[in-house]
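Here chain A shows up in two complexes: once beside chain B, once beside chain C.
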Partner chain A sequence: MKLSATRDGTRDDPAEPQAAPVAKKGHPVRRRLAGHLVRGLVMIWVVTTISFVIIRNIPGDPVRGQYEALIERGMSPEQAERATAVLYGFLPTGTLWEQYVGYMKALLHLDLGQSLSTPGTEVTTLLGSAASWTILPVLGGTLLSFLLGVTLGVYAGIKRAGKLGDLLTISGSLLHGVPQYVLGLLMLAIFTTLWPILPAGGPVDVEFPPGLNGPYLASLVQHATLPVLTYALASYGGWVLAMKSSVATVLGDDFILAAELRGLSRWVLFRYVARNAILPLFTILALSLGMLFGGAIFIERIFNYPGLGLLLVDSIGARDYALMGGAFLVTTIAVVIANIAADLLYTVIDPRVRTGGAA
Partner chain B sequence: MKRLTAIAALAVVATATACGTTGTTSSGGIYTTIDGAKQIDASAPINPFNPQGSTFVGYDTMSLGWPKNDLMNPDLFYPGLAGSWSATPDQGEVVIHLRPNARWSDGKPVTSKDVRTSIGLAYTQGGSAYTVNAGAAGAAADVVIVDDKTVKITQGANRSNAFLRNVLSTVVVPDHVYGGLLPATFWRTLQDARGTGPAADKAKTEITGLSQKVITFSPRQDVSAGPFVLERVNPGAALLKRNPYFYDAAKIVPDKVKVLNYTGNEQIWNYLVSGKLDSAPFTAVPAAVMARIKATAGNEIRKGYSPVAASMAFNQSRKPYDNAHVRRALAYLIDRGQVTRVASPEAGTPSIATTGIHGSAAKAWLGPGLAGLNPYNVDPAKADQELRAAGMVKRKGQWGFADGKPWQVRLTVPAEFSDWVAAAKSITSQLNDHGIDASVTTSADYTLYLEELASGKLDVGFWLMALGPSPYNIYQRLYGSANGWSLLAGRLTHSPPGKDGNWMGGPEKIGGVNPGELTNRLNLATPEEQKKIVGTLARLTNEQLPVIQLYDYVNTQFVNTSRYTGWPPHDSEALRLPAGVWMQLGMIEKK
Partner chain C sequence: MTVTAILPDGQGGGSARATLRRNFWRGVARVLRRKPSRIAGVVIIALFALMALVGPLLYPAHLPRDDDALYAPPSLAHPFGTDFEGTDVLALVVTGSRYVILTGLATALITVAVGTALGLLAGFHRGRWDTVLMRVTDLQLTIPGLPLLLVLSTVWKFEGPLEMGLVLGLLGWGGIARAVRSQTLSLRERGFIEAARGLGLSTPHVIVRELLPGMAPYIAMNMLIAVTGAIYAQVGLFFLGVLPFDSNNWGVMLNLAVFGGGALTSAAALPYLLAPLLAILLLTLGIVLVVDAMDEIFNPRLREE
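For the complex of A and B:
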């Protein structure tokens, strides 16, 4: 059954007999936003519930792991047993249902619980700290790759028969094909070992007192350079190829032909092509921005960059249920918000959506 | 565009400034290292009771003494905050004499009250000498302040020979920072907890209830009695500066210590290859990377004793591993030299024999008796004899069960331990060559591996053992909870195979000997008795092979001589201690 979108975002089934129009209260955009929010909240609840069940069923006993780690560090068996027993106090107990109810109640109070791997530390503190290191570099990398990829993608699309177009397409395919971790390792080897001009790990040199001072800010930039560059290069290929393909499609549209026949300047033509070709990429960009809250796991791991991705991986290794749940929740919320933002953004930038596809 | 150019120029200038200033400090320089015991977590409180805490043992975390890791005597310690100590022969009473000039980094003197408060806090965490469990052996019964610098600690009626070393390992924190965590009635409650009945139970619950409060305590700043004090920490590193009040400040050369964080071995390799680390604990390193590390100017390796060994362990509740003949046959087929060369050429030596003890310590414990034990040198003919004695049959070149069922050796290791994976592949290859269908399976990570092992899912796996120097710790690994023996309130019980974490599944008694009981006695016995027990357990282990000891680890550390010198020599007792303790012992000098 095919559904079509109406102007206010509701859907009509063409097979159903047309009912008499019902007057709807409120501004259409506000109604649309409210619908999105309700759907978003339901989605968050569903994902949180699923991830809760999955996390609690991941095989591996964190207490035994902790015990072994302490034994291997030279602690006597009794000491290790006692130390893990103290840590065990941080683990949730009770049936799965009781844990779930407790978890949901705590969530309503914005309490994500305490971390097991960093006992005594709130999950929100850890997430906040990691987010501050993740968002700027991943955001920077995403925007850099988007701008670079989209701009060059337009050229690759327009000049697709020329050498420059070929070169750009090859660069896109190549970088799109190389996995992030391979690229990261290459960058690491080149810029920290063969030509050691950039630091290999950490977010900032601890020698500089934090604050708005030159050395500290410079150190931040230095440490973020490789992760940002790697992220940008790893994502660049996808943008170039997507934009090139989108441009090629738009170039075949009637309005471009009409514009050419009208003798419009190349610059105006370029704007026509770019503006129309970029539309589908905005959705991907919005979702990418939402996904950045999941962090760039491989890149953060390689460069020891303490973002959300690294935190998530570490929490899985330690079977830190609360932290895992918190990290998944943050990613889910970010993706839901990005979805809503993308939809609203589309409404703004694409007249066809504003007019319910009738344009 | 102009604005963009200006921003770019500013970034370049700022970057250059940072490059120029990094590492430039006053004469002592910045000592850069890795804390092998934990990864840095900048969110963790500055509190040594927190397992992830932003404090560093030997630098800003101080204990009364530092263990020397002697081959046989676990009671040998270097002085820490305790300048000296004495103990009665039965360790019933230990008297600690604090260093007269020990002071905290805020200038206040370290006193007996600090030690008493630290012991009180340790009670909330439990274990070792400070447990409130009635009847637990080796528990402190009384803590008395003799004077400002002298503390007397008395052991309870159920004596343990681990008391002195457990007392000396006490981490000391300042009373004026941590004292408030203990309620005014704490010591009275502790007395009540030592009794029995509902009042004692209530008191125990009250003390245990303090554990989270102690772990989560987060002082605003570090107050240390060690050579350094935490200046700041971020997710990438911790920076510690000299404590001007440290009692032996003249011995401490570096101005600062930078502890770099790591999330995987490859980061430590990278630091080493780029010559950044002044010292680092050993991590498993592929040969090619090791060559590059060695090629870096100044990098050197220090080797010494490490009381740990890798072994192949059997689930004896699974057939045919319940049969000692099968285990012996496998031992005769495994070339341990080859396994070591493949798995750990830098940090391991092939085990002399399966004794349960690290090779170096086995020589000291067993003396000439070691030569009398079966070394299980490679001998396929003997392996065939043993397999036949176990009732196994060889058909078409493949060994199988007598009833015709195939025998498949599934050797499981955690995927993340590259040396174990390599060792397991070498072993299965050798077994395949002898007609035994053997293969390696991996568990996704160590946490999962341990759960699978404990639940009895695995037939054969890898297991760390020989965790000395305490003989009890050594044999507890083989005849402790993993093999069914558990100690509860001073009573030793044995669980049947597959229950309560008994995955090794060995019998409670072997030829009239109860190895769990003997192991437990090691904590109570005199040195002479210990020697006898160790001899019996080594012989039993050698005959029964609950594990096949493969390679004994060598404590392999990296040092870089470019900036500092005066490292502990090879085989130094200090090698297993953090570099902060080396400095306390006057070992690190500026080059």
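For the complex of A and C:
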């Protein structure tokens, strides 16, 4: 379903006709951006509402439970109410509607409440430090696989009938088909159990003092190697396949035939093909960066890497509902931003979209 | 032939359809024969189906434990060794397959039914319906699926494979809805659909008899992909350990092997981890090969070359 299917689902996005109606006012780029912002905000609103509804419907009602426990401990109702509100970001009393409004208001002030499993810590603080552990491996892994997949994909597209081209396509389909956690577990089994050359988990060895010193940085790199390689392997297949089909489309275009007839050298032809075929892939690149924040869960859990995905899983295990809602929200915002970035990027690199005319 | 042609919709249409069907199967056989790997794909999937169907019947309801053979190495009696309780790993993989594959099928059915229905509705009626449905579809596609599932698991205990399939299916129809819609949009402008409508045939008839057959192969392919996706999602959820588990399945095995059994610190427990991984890899391989063959059967452009 979504986990791997979404990527295919969103993939046909750039192919959808996007001819903007000419009659409307305003600059086309600005109008598109405005549309995206509105849709993004609706999206974020829907997700916050979902998290509110879920937190309210958790069996045992933790919010109410916390409130009553505090009163039993001798707090006055007002004090208990305030303390609980600090934890969850909304009041434990009042009608459902009042609670909902309170929750939304707190979110507007970027107040996600306090973590329940690590008392006294703001959810935003936890999210911030987790995000930094997610962003670097995701970026590194995605860029690595993008470069590799696109280069090999051009070859697979041009030499479709050949042996090596066929092999590349099959490797792409297989790696695209295999779930991330299978790849991750295999990597872990190979490089930490059977042939122990890399650390099995965690972000860094604790023995080194953090800072810009050699051993610490080396340990960081060592620990990041397996997660980054797994990201890269998991998304490589998608790039090869996407680039291959994009190249196949471009090869059928008239301007390639014209270039061939003009007797241009193979190298020039290759550049023509590659440069045109890569355009739609940039959109997928931006989208997949956003999606990986959701998909990073498996890799972070397997390698015990303290990113957003692990934070979400841990918050569920610890029944830390405030943290859970926050982690879910941040993951969604990453996707929304990636969507907007993907569209803007496409507008910048493909002039046909920018002018707003029929492509 | 002349006689049957006059018959309104009885045997006449039947025999023409039969010829079509025979040609279709001949085409399928040709595509399969060209690359032996595709036959392998069909065989693999058939094996998994068989395993899910009769596999659990081969073993007692409660698999025997053996305290003398904890994490036994692979041997003739235990081809994949045993787990932390001394239970045969192969038996666990086989009996666990039914849960996994049943969920996959349930999910695929719901995904395809909902996705096709909404896609047809949006594409065929266009206008306001289309706008609303596509907004909802976009939303469904954008909300990150796995995190949503994790969060949902705190309020909803996904009990049993069918309920699990229902949840996964309801979260995954967006891609198919979008694709079916764009196919409908392009098909409805074609001559034969306009002719059918001009003849005054009812909308259900046009949709079911004229539109759907053209899209069937595409939908079938998506269904296969949905099965895989559901299997991954479900095994993954159990692997993460956020769902309570009372029955045996591959995800539970992975979870116990990695986080309980220390399969990654000692090579002795490794077969316990590798067996379900191998099963997933093999199933993936089978589905990839069959999808590749289906691609060629239904996409004539790929057939030349």
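One rule holds in what follows: the second predicted complex is superposed on the first by the 271 of 359 C-alpha atoms of A that agree within 3 Å, B and C clash if a C-alpha of one lies under 4 Å from a C-alpha of the other, contacts with A are read in each partner's own complex, and residues count from 1 in each chain.
Basically, a residue touches a chain if its C-beta (ideal position, glycine included) is under 8 Å from a C-beta of that chain, and two chains touch if they have at least 3 such contacts.
This is a predicted model, so every value here is computed, not measured.
Colleague: Just to be sure I read the superposition right, which of the two partners does A:204 touch: chain B = first, chain C = second, or both, or neither?
Modeller: first
Colleague: Of the partners chain B and chain C, which touch A:297 in the superposed model: first, second, both, neither?
Modeller: second
Colleague: Quick check on the superposed pair: does A:188 touch chain B, chain C, both, or neither? Answer first, second, both or neither.
Modeller: both
Colleague: Looking at the overlay, what does A:244 touch: chain B (first), chain C (second), both, or neither?
Modeller: After superposition on chain A, A:244 lies in contact with neither partner.
Colleague: For A:78, using the defined touch cut-off, is the partner it touches chain B, chain C, both, or neither? Pick first, second, both or neither.
Modeller: first
Colleague: A:219 in the overlay: touching chain B, chain C, both, or neither? Say first, second, both or neither.
Modeller: A:219 contacts chain B only, not chain C.
Colleague: Identify the partner contact of A:133: answer first if only chain B is touched, second if only chain C is, both if each is, neither if none is.
Modeller: first
Colleague: Can A:178 be said to touch chain B (first), chain C (second), both, or neither?
Modeller: Touch partner of A:178: chain C, not chain B.
Colleague: Scan A:61 for contacts with chain B and chain C and give back first, second, both or neither.
Modeller: first
Colleague: Go through chain A and flag every residue that touches chain B in one model and chain C in the other.
Modeller: In the superposed arrangement, which is not itself an observed complex, chain A uses residues 59, 188, 192-193, 200, 301-302, 317, 319 for both chain B and chain C.
Colleague: Show which residues of chain A lie in contact with chain C when the two form their complex.
Modeller: Listed in rising order, the residues of chain A that touch chain C are 1-6, 8-10, 12, 16, 39, 42-43, 46-47, 50-51, 54, 57-59, 160-161, 173-174, 177-179, 181-182, 185-186, 188-189, 192-194, 200, 291, 293-295, 297-298, 301-302, 312-313, 316-317, 319, 321, 324-325, 327-328, 331-332, 335-336, 339.
Colleague: Hey, which residues of chain A end up touching chain B in the complex?
Modeller: Going through chain A, the ones touching chain B are 59-62, 64-65, 68, 71-74, 76-83, 85-87, 89-90, 117-121, 125-126, 129, 133, 188, 192-193, 196, 200-210, 214-215, 217-219, 221-223, 301-302, 304, 306, 310, 314, 317-319.
Colleague: Write out the stretch or stretches of chain C touching chain A in their complex.
Modeller: Interface residues on the chain C side: 107, 111, 138-139, 141-148, 150-155, 168-169, 171-172, 174-175, 178-179, 182, 225-226, 228-230, 232-233, 235-236, 239-242, 254, 258, 263-267, 270, 273-274, 277, 280-281, 284-285, 287-288, 292, 305.
Colleague: Mind pulling up the chain B residues that touch chain A in the complex?
Modeller: It is residues 11, 13-19, 21-23, 30, 37, 39, 41-45, 50-52, 125-128, 131, 162, 166, 211-212, 215-218, 232-239, 256, 258, 260-264, 266-267, 270-271, 273-274, 276, 308, 445-448, 450-452, 454, 464, 467, 470, 472-473, 476-477, 480-481, 487, 576 of chain B that touch chain A.
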